[in-house]
Amino acid sequence: MSPLIFFIIRRLIQYVPMILVVIIVTFLLVRLAPGDPTYILVGEVGDESFVKAMRERLGLDRPLYDQFVIYISNVFRGDLGYSYLRSEPVAKLIVERIPATLLLVLTAMFISALVGIIVGTIAAARRGVADLTLSTLSIIGISIPYFWLGQIILIVFAVWLGIFPLGGMVSVGYEYQGLEYFLDVLYHLTLPAMTLAIFNIAFTTKITRGSVLEALTQDYIVTARAKGIPESRVVFRHALRNALIPVVTYTGFNTGVLLVGAILTETVFAWPGMGSLLYDSIRLRDYPVVLGIFIYGSIIVILANLIVDVLYGIIDPRIRLR
Amino acid sequence: MNNQGAAYTYHLKNVGLQLLYKSSKVFKVNPRFTAGFIIVLIVIILALVAPFITWYPPLKTLVGKPFTPPVALHPFGVDDLGRDIYTNVLYGIRTSLIVGVSAVTISLAIGILIGVIAGYYGGLLEDALMRITDMALIIPQFLLALVIVAIFGQNFQNIIIAIGIVSWPGIARMMRAEFLSIKERPFVEAAKAVGLSDVKIIFEEILPNAIPAIIPYAVLQVNTAILVEAGLGFLGIADPNVPSLGLMLNTAQQYLVRAWFMAFFPGLVLSIIVIGLNLLGDGLIEHLNPRLRKR
Amino acid sequence: MGTYPLLRVENVKKYFPVGRALFGKSKQYVKAVDDVNFSLDVGGSLGIVGESGSGKTTLAKVILRLFEPTSGKVYLDNIDLFSLSNKEVRRLRPKMQMIFQDPMASLNPRKKIKHIIGQVFKIHTDISDVEISERVIDLLEKVGLTPPELFLDRYPHELSGGQRQRVCIARAIALNPKLLIADEPVSALDVSVRGQIVKLLLEIYEKYKNEIAYIVISHDIALIKSICKDALVMYLGKVVEKSEIGKIIEEPLHPYSQMLISSIPVPDPEIARNRKRIPISGEIPSLINPPKGCYFHPRCPYVMDRCREKMPPLIEVDNRLVSCYLYSE
Amino acid sequence: MNDSKILEISNLTTYYYTSRGIVRAVDGVTLYVKRGESIAIVGESGSGKSTLAFTIMRLLPDNAQIVNGNIWLYPEKIDLVRLSNDEMRKVRGRRIGMIFQDPMTFLNPVMKVGDQIAEAIMYHHGYTKTEARRKAVELLEKLRIPDAANVASRYPHQLSGGMKQRVIIAIAVSCNPELLIADEPTTALDVTVQAEVLELLRRLIQELGMSLILVTHDLGIVAEICNRVTIMYAGKIVEIGETYSLYRNPKHPYTIGLLNAVPTIHKSSSEVGGIKGNPPDLVNPPTGCRFNPRCPYAFERCIREEPPLIEVNNDRAVACWLVV
């Protein structure tokens, strides 16, 4: 077995049980919560007969152990319960919303990786005023809460200037097709993606600057300079290549933050992803959906971490062989 | 160090001015730390004197005409229910700081305990604890806190506890890393060699050397806690009886087109708090990293 | 008084598990110390020589029970150290002390000198604080940190390298140990300061000759020669040669000892350029996968067939011990 | 041996600017290196010997600065101190190569060692990647590395310490520089490996006709390979001389002390001396002769006045009032 495959398998073994843990944690929380867990698993609905039917279906009248087994097997079959308020299965509701969220997250991620790594490297290599400005900006960038940043961007660009839509993903009332549809989505995507990307650019810049700076103090940089190769090659080939390892790791850690960021940003722009769904469900006390979003969100983050971790092993030749 | 200099610092230590002397050096070296320190200081003072510089009770409705834009009597405007935004923002700072500090106290207690046990004893216990920590680190902490508050009830206490118990893993991990590296340093072995007991080695030799590395991260953790609270508030998960910057932004969301000030001021103040803490924490990290400082 | 040696080391082994299989326990071991035997009388001084990875420091730490042994026996003053509980070992610590390589790292940076040394008395005696500080002052004088008052309230980082090592030595001799192990005591110090510390170690040795035994660990044979009477050469966790230090330098028996002696740089151009040289080849192999047979055979200029088969035993040749087939039969 | 100079350093002064104050690491050093010669710069940590080496290469950290002096590189007699960064880059690697102390940290961990060697060849000679790689393998073969092609395609962490140090040497000599600067090249290695690497180095500079500046604290390895020795103390040269005569007849009290301070296998333990006191703090060095607080022969003039480096005979210069 090649070391890389071995490495990937090892990581799979590490990550998959986490999904199980998330489900167990959810179950325990529901059980530990004060009051009748039925209301959390079913939602605050008035219909007595529906509640009774659900209690039987979820085995809530049976011992804890049985409930646990039923819960786990339900979740693994993709059955997260039924949203009485929306008359739809929770899983269906969430799965429909995932693509929109992913579109937002991936766009922001792509832009910020591109911009953040370049800006961060330049800040680290240049030092001086440019660095001070850029790194101060990046601290401010990661500090501003994205939901507020989104609100301000919305007020300025949509309300005051009126050059972008107030929200949504497509223009209501038009049945665009093909390219037109694509452009319309892009038009709606601009502000939320910008909001999310600003935070993430700041984050990536900060991490990149830090680790390029660190890399530039390493001894092998002296060796590279002693060879007489151009400084740009020293920075990009020698320092950045090494600095990318922590950058990738932190990007992995940050997927959770980014997903949460997307959820909050969606709320501002009424972007039809998991975030808006979560916001509405909290207001309506539609707990099955809230729990479902927690489980699905965790799974997405776990998978993202798995991918990043494997990537990490590919970038750094030392990791694989450990 | 030359003798005169040594004698001088020695003198300072004796008169208890050591801390001042050291921090004066920090300020000179790191402008970012200084800026952060000043911002945080101002924020703390504002939180403390809030009752004396506001002229309405917090959360009281109809003290002004709803949706009044900023005027002298209502510097930040009036919200949809006629509450004075300026008053609620100042009390909101209090809430943010209380949440930040108490939640971090909880997470420090859990994190240090787990980190110390894992770092010092090692073996299977460490493996198990660290596996749990890694998982807890990956699961989106915000969503977990949200679920906890949502199903346990939206009151102030629950929010603090929820934020506290979801944010320990970072501290635990750092603490363990510090312990592992300090444990390997020869002075710990030397302490063992002269016959110090485990408990004494942990508390007298290792912990005092590990704590300084944790401090800047604790500062940044306060920040995270404040942001999580605000985020929860923004989604509507908050205690309605406590002024909260996040909850104000939640209300503002419905009136963005009509009342920009409802979103602008609470968010601005929230951002300033977080910027201050970030500058402070970052400056501390940079100051403590000798390799970066040298350049 | 018995006639037994102060320190007896019998078949001591220390294996570290390495690598972790996907499931279950690891099967590979690093044999850091593999079956070491020697004894040391009161007044004896033994040097342990070896390059990095030879297991010399591990051996010292196993003897002092800073590492738990894999197997074997160590008797100090006829007490079976390996059979003691952790608590009992702690009580015995004053009798066996160690001086570490890096004096800066082996002093707690957040404690004053008086607390670092005073701690020893606090743990093991119940003398008053006043008495402790008298003893500390006394010790500082003994190790040449004069006037002692100047050092009591300092932190380690306020001292020079040589002064720090003196503090470490003071701490080690505070409770009159029977066994004193110095692990590379001067290698972290400035060259011009090394002589001072060597002198101090010799002074202490002269003073306590009738109650103490010394072990000095170093990669530097010259250092060992200036402090010790006997030496033990280690290679990959095994003892390959043991005898009086002068003999090892004059006429090393084991090919590895020969290589080691001939590769030591001599600060005298005449000797350096005209001495006989053993051709040097290869590097120390990995401890995880040591060569079959004699561990040294891949680098040995005199390698024979049976060297590749089986590890040669440690045999006696004119009052010296060597592990090499060149000297058997 | 050709008697022409290859490098001449005159009154070179390098300071570090630290939070504690100005560290006078190299303070008015004058020195020359002849073509084909091996010269040692010996000193303890903090003597400024490494700073001197890095100053010649202009590879100082940001907080250090060349304050004064010249470094002339012959035959053109260009002053390295005054070259632009771009011009200096063309000197590095191409005309002066450098070997570093710790093979563990001085190689890029995520780059194959063959590529690390090939880099300078590509840049200075305009070779293509494939050509440069082939050249790198040839170099490794010259350094007696078995299976060189295979070694070239490995990462540093897959090689042993001695092997890595050979890669560092290969990088330094890859463009056939006229001068090689080695900063403690064997300190991080085991004794047996050290001997092997030294032997290799000696053979290599002979074959390629390079000059060598060997920076070290170890008087032992100097005796093995250098023609001339420079002793530095606290940022200044205290004695320069031809190796044989300097070891046999050291003149400066520091040199004498240093030769006595190291135990050797040819000395009995009673002969081991040592120098009292500690190396000075270069932020606030002693007045007069910097060695005076530790010198057994110091008299009043030594505290007052700094002794100049005076040539006492053909091959020896000493900075000491006793010798004047």
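Labels A, B, C and D are assigned to the chains in the order they are written; within every chain, residues are numbered from 1.
By definition in this document, contacts are C-beta pairs under 8 Å (C-beta built on N, C-alpha and C of every residue); 3 or more make two chains touch, one makes a residue touch a chain.
The shown structure was predicted, so the numbers you read here are calculated from the model rather than taken from an experiment.
Graph distance from chain A to chain B, where chains that touch are one step apart, equals 1. The most distant chain from chain D is A, comparing centres defined as mean Cα coordinates.
Of all chains present, the one whose mean CA position sits nearest the global mean of protein CA atoms is B.
Remark: chain B and chain D have CA centroids separated by 50 Å (rounded to whole angstrom). With centres taken as mean Cα positions, chain D sits 32 Å from chain C. Chain A and chain D have Cα centroids lying 53 Å from one another.
In chain B, the residues that reach two or more other chains under the touch definition are 1, 294-295. Contacts with at least two other chains are made by no residue of chain A. Counting partners per residue, chain D has 62 as the residues that reach two or more other chains. For chain C in complex with chain B, the residues that touch the partner chain are 61, 64, 66, 90-94, 97-98, 100-102, 105-110, 119-120, 123-124, 153-154, 158, 168, 171. Against chain A, in their complex, chain B makes its touches with residues 32, 135, 137-144, 146-148, 150-153, 223, 227, 230-231, 234-237, 249, 252-253, 256-257, 260, 263-264, 266-267, 270-271, 274-275, 278-279, 282, 291-292, 294-295. On chain D, the positions that touch chain A within their shared complex are 57, 59, 62, 85, 89-94, 97-98, 100, 102, 105-111, 116, 119-120, 123-124, 155, 157, 168, 171-172, 174. Contact residues of chain C toward chain D in the complex are 51-52, 160-163, 190-196, 198-199, 202, 219-223, 225-227, 249, 259-273, 280-281, 283-284. Against chain C, the residues of chain B that register as touching in their complex are 1, 6, 10, 185-187, 189-197, 205, 208-209.
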